[in-house]
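Heads up, the next two complexes both have subunit A, just with different partners, subunit B and then subunit C.
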Partner chain A sequence: MTDDIAFWLGYLTNGKHLAWYASFQFTIFAAVVGGAFAVIFGLLGATLKNSRLPPLRLIGTLYSSIVRGVPDVLFFLFFPLAFEQTVEWFVATQICSPEAIAAQTAAWPPCREANWLLGSFEYLMLASVSLGLVYGAFATNVIHGAMRSVPAGQLEAARAYGMSASQVLWRVHIRQMWVYALPGLSNVWMLLVKATSLLSLLQIADIVLWADRLGAPNFCRLLAWSTTIGAGATTSSSSSSTSW
Partner chain B sequence: MDGFFNDLSLMAPAVLFNIYFAAVSIPLGFVFAVFLALGKASPNGLINRLSRCYIYAFRGSPLFIQFFMFYSLALSLNLAFWKPWGVSGFVLHPLFIGPLVLVLNTAAYTAEIFYGALRAVPRGAIEAAQAYGMSPAQQFRRVTWPNLIRLAWPAYTNEVVFLFHATAIVYFALPVVGSQKDLMITAKDLVERDFNTYLHFSVAALYFLAVSLVIFFLFGLIYSRLMRHLPAQPRMRWAPKWMR
Partner chain C sequence: MVSMTHAEPVPSGPLPVVELRDLHKSFGALEVLKGISFTAREGQVISLIGSSGSGKSTLLRCINMLEVPDRGDVLIDGEAIALTGEGQRRRVGDENQIRRIRSELGMVFQSFNLWAHMTILENVMEAPLIVQKRARAEVEAEARAMLDKVGIGAKADAYPAQLSGGQQQRAAIARALCINPRVMLFDEPTSALDPELEVEVLRVIKLLADEGRTMVLVTHDMEFARSVSDQVIFLHQGLIEEQGTPDEIFGATRSARLKQFLNAANHG
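And then the complex of A and B:
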C-alpha cells in the first residue's frame, strides 16, 4: 500500500508531469488576459456600433458580424499569422535593400532582415489578443444590447443636469449598462475559457498539448495508424521511445 | 485574382467534408436531443439525473478535448475489440469518429434548447389536451411536440450553424487520412506553402459564410412552413445571434 502511494507520488511528480502542471499558467493567462481584451474590444465595438457617424457604425457592425460569422478557430489561427506578416511587411518596406530582396529565395519574408522571430511569450500574448478579438465580437453584441436596454429616462435626466455627450456616455450609460450586460458577458467568458483549449494549435505548450504528449503511446499508434490506413491495416506499435 | 479563383477551386472539394460532418451529425443529434430533453424533464429521478449530467458534461467541456478523448478511447480499445472484430479501419476513421463526437456534442446543446422550449409550452394547451382525454403519447405527438419545435426552431437554427462552424476543428484533433482534408486543413496547408495568410484564410472564411447563409435560408423556409397557420408570418431574424 505504502509502495503504491510512493509510486504514484513519484510518478505524478516526475519532470513531465511537473512541466504539465506548470503549463496551466499559459491557459490561465490566456483566459484572464483574453477575457479582459474581450471586454475592451466589446466596449469599443459597441461604442462604434452606437456611434452617430455612419462609417464608424459600419466598422462596428462589420467587425461583430464577420468575426461571429466564421468559426472561432479560423480567426484564432488567422490573426497571429496575419499580424506577424503585416509587421514584417511594414519592416520590409523600411529596411530591405533591393539586393537583399533579390537574394531571398523563400516566399516570405521579403528579405531576411525583416524576419520577426516570435518568442513563446509574444505568441501567448498574440493568442490572447486573438481570443479577445474573437470573443470581443460576441461581447460587442452583448454590450450593444445592454446599452439599448438602459432606460432612456436615466440618460435624459443626465442630459437635463447639463452633462456633455461624453459625460453621459461614461458616467451614466456605461455604468448603468453593466447590470444588463453581465449575464451575457459571463456566457462569453465561459465560451472563451473553453476556447483556450485551442492554444495548442498555435504551438503553445499548454495543458492540452501536454495531455496529448503524456498519452505518447497513443500518439505513436496515431502516427503509425495514420500512415497505414491506406492499406486498411492497423499497426499496433508498442510504446516506443519518443522525442519527448 | 488568379490566386483567389485557384483557391476557390481547391477548396470546393474540401468544403464537402465539412458539409458531410454537419449533414450526418445534425439529424442524428436532433433525434438524440429529443430523448435527452425529455429525459431532463422526466420525473424519474435516475433518468433525470443521468440526462442532466450528460448535458452538463458535454456543454461544459471544450469540443476539442472531446475529440481527443474519444479518439484515444477508441485507440485504447483497438487491440481489445476493434482489431479482433476487424473493424478498426472503420471505427478509427475520422469520417466515423468525427460525426460520432459531433452528434454527442450537439445533442447536449440541442437538448438544452429543447428542454427550455418544453418548459415554455403553454400549460393551458396541455390541460386542454388532457381534458379531451388524450393519452400521454397523443398529448406529446399532437400538442407538446408541435409547440416545442416552433418555440425551439430559431435557437436550433443557430445551434446548427454553430455545429457547422465546429466542424472546422475535426481534423485538428483527428488524423488527416490521405487527401481527405477539410476547409481549415486545406487553408493551413496552402498557407504553409506560400505564406499568403490573408488570401487562403479569407477564402476559407467565405466558404464558411456562404454555407452558413444557405443553412439560415433553408431553416428559415422550414420555420415559415412550421408557422404557416399564423396570419402574419413572423420572419426569422436575418441577423442571427450566433451564441450558444
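And then the complex of A and C:
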C-alpha cells in the first residue's frame, strides 16, 4: 500500500512539481506577511492622517497619495535595493577601515566586510515589506475613510467617561472601524494576492545583480533604477521564477 | 394646581457639586451662551428647558468639557477645571484632571451612544474597568445589579443593536450609574424615543431622582421636568430667562417668553 502511494507520488514530485510547490509556498508567505505589513502601515498611515497635528497629517497624506500614485513595480525594485544598500552603508561607516576601502575594487559595498549577503528568507521578507508598503498606502485610505465613518457620538461617549485619547483610539475607534473597513480591505487583499505574482516575475535577486553591474564605476542611482526596470522586466520573463 | 411633593431648594446647606460661573460659548460668529451661572447642590435635580437653539445642550456639555466655554469657569465639588488659552482657542489645561473629573460625571446622551462592538454588560463595565481601574469581579457584580435596577438584567449579553431604543437608553443609564457618579448629566434622554418607550426611561430617571442623586437634565418634556425637578432653569437665547422651583416656573410664570414657550409646549 505504502509502496503504491510512493509510486504514484513519483508523478507529483519531479523537479517541476517541487519548483511549483516552492513558488506556491512563496506566494502564500508573501501574501500573508505582506498583508500583515499592509494592515500595520495602513493603521499607522490612517492614524497620522487623522491626527490633530498638521505636520503628521501631511506625512500621512503624502504617504497615501504618493505611494498609491507611483507604479507598484518601482517600489518592489526600489525598496529592497535601497534598504539593502542603506544597511550596508551604515555598516560600512562603522566597520570599514581606510585600507579595506582602498582595497575594494567593486563599486559596492564600500568594503568587503560591509557586504550583506541576502538569503532567500531575507529577500522574501524584503519582498513582503515592499508589498506591505505599497498596499499599506491603499489600506491607509480605506482605514482613514472607515475611521471617519465611526459615529462621532460613540467617541464622544468614550471621552465623556474619562478615557484618554489613546484609549479612545484603541478601545473604541479602531475596533468600530473594522466594520466599515472590511469591504475596502478585502479589495486591497485581492490586489495584493495578485501582486505577489508580480514579485516572483521581477526576480529581485536578478535586479540587485543588474543594479550592481550597471552601477559599477560611477553609480548613478536614478539611471541605474530606470534601467533596471526595463532590464528586470526582460530578464525575468526569460529566467525561471523558482530561484526563490 | 400646585403640588408640594418636592423639597424647596435650600439656599445654603448641601454642598455645591456643580457650579457654573459666567459661561460664554460661541461657535464661530454664533453666540450660544451669553453668561450663565448656576449651582447644583448635593441631591438636587435641575432641569434645563428652553426652545431648540437656546443653548441647553451646549450648557450641559460644558459641564464635562465636551464643549470648552470661551469664558467662565466650571467647578466640580469646588474644584475648578483647569483651562488654558483665550476665547474660542480655549482648551482643557490638565488632561489628568479632566479625565479624573469626567470619570465621576455620568453622562446620558440623546442618541444613547452605546459602544456598538460591546455587549450591554461590557458597555457598563468598560469605564469602571478601564478608567477607574477597579477589580473585575466587583465591577461585574455592580454592573449586573445596575442592569437589574433599570430593568434589563436579562439583556446583559445582547448587543446594543439588538435592543429597543428604550432599552438602549436604560442601558446607557446603567453605564452612567456604574461609575458611581457625583452627578448624572442627561442630554435630552427621551427625545429620540417613541412615547411608549419614553415612559420606561422616565420611570428610571424618576427612581434615581427619588434616591437623592444629583442630576442635571436637559429635557423637552415639561410634565416630567415638573414632576422630577427641584429647580427648573428656562434658557432663552443663551441667557437664563427664568429660574425657580417647578411650582414657580410652571405655576406662577413671570416672564412673557416663558409663558409663550410653555403654551407652545403644551399645544405642540
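Heads up, the rule we're going with is that the second predicted complex is superposed on the first by the 187 of 244 C-alpha atoms of A that agree within 3 Å, B and C clash if a C-alpha of one lies under 4 Å from a C-alpha of the other, contacts with A are read in each partner's own complex, and residues count from 1 in each chain.
Keep this in mind: a contact is a pair of C-beta atoms (placed from the backbone, for glycine too) under 8 Å apart; a residue touches a chain by one contact, two chains touch by 3 or more.
This one's a predicted model, so the numbers in the text were calculated from it and none came from an experiment.
Asker: A:L81 in the overlay: touching subunit B, subunit C, both, or neither? Say first, second, both or neither.
Answerer: In the superposition, A:L81 touches subunit B alone.
Asker: In the superposed arrangement, does A:V172 touch subunit B (first), subunit C (second), both or neither?
Answerer: second
Asker: Once the shared chain is lined up, is A:T13 touching subunit B (first), subunit C (second), both, or neither of them?
Answerer: Touch status of A:T13: no partner.
Asker: Classify the contacts of A:Q25 with the two partner chains as first (subunit B alone), second (subunit C alone), both, or neither.
Answerer: neither
Asker: Going by the touch definition up top, name the partner, subunit B or subunit C, that contacts more of subunit A.
Answerer: So, of the two partners, B touches more residues of subunit A.
Asker: Have a look at where A:S186 lands relative to subunit B and subunit C in the superposition and call it first, second, both or neither.
Answerer: A:S186 contacts neither subunit B nor subunit C.
Asker: A:A160 contacts which: subunit B (first), subunit C (second), both, neither?
Answerer: Touch partner of A:A160: subunit C, not subunit B.
Asker: Name the contact category of A:A107: first (subunit B only), second (subunit C only), both, or neither.
Answerer: It touches subunit B, and subunit C stays clear.
Asker: A:T93 contacts which: subunit B (first), subunit C (second), both, neither?
Answerer: In the superposition, A:T93 contacts neither subunit B nor subunit C.
Asker: Identify the overlap between the subunit B-contacting and the subunit C-contacting residues of subunit A.
Answerer: none
Asker: Can you check the complex and tell me which residues of subunit C touch subunit A?
Answerer: 64, 66, 95, 98-103, 105, 107, 109, 111, 113-117, 126-127, 130-132, 175, 179
Asker: Which stretch or stretches of subunit B touch subunit A in the complex?
Answerer: On the subunit B side, the touching residues are 61-65, 68, 71-72, 75-76, 78-79, 82-83, 88-89, 92-93, 165-166, 168-169, 172, 175-178, 184, 187-188, 191, 193-198, 201, 204-205, 208-209, 212, 239, 241-244.
Asker: Going by the contact rule set out above, which residues of subunit A touch subunit B in the complex?
Answerer: Residue list for subunit A touching subunit B: 65-66, 68-75, 77-78, 81-82, 85, 107-108, 138, 141, 187, 191, 194-195, 197-198, 201, 208, 211-212, 215, 218, 221-222, 225-226, 229-230, 232-234, 236.
Asker: For the complex, give me every residue of subunit A touching subunit C.
Answerer: These residues of subunit A touch subunit C: 151, 153-154, 156-164, 167, 171-172, 175-176, 179.
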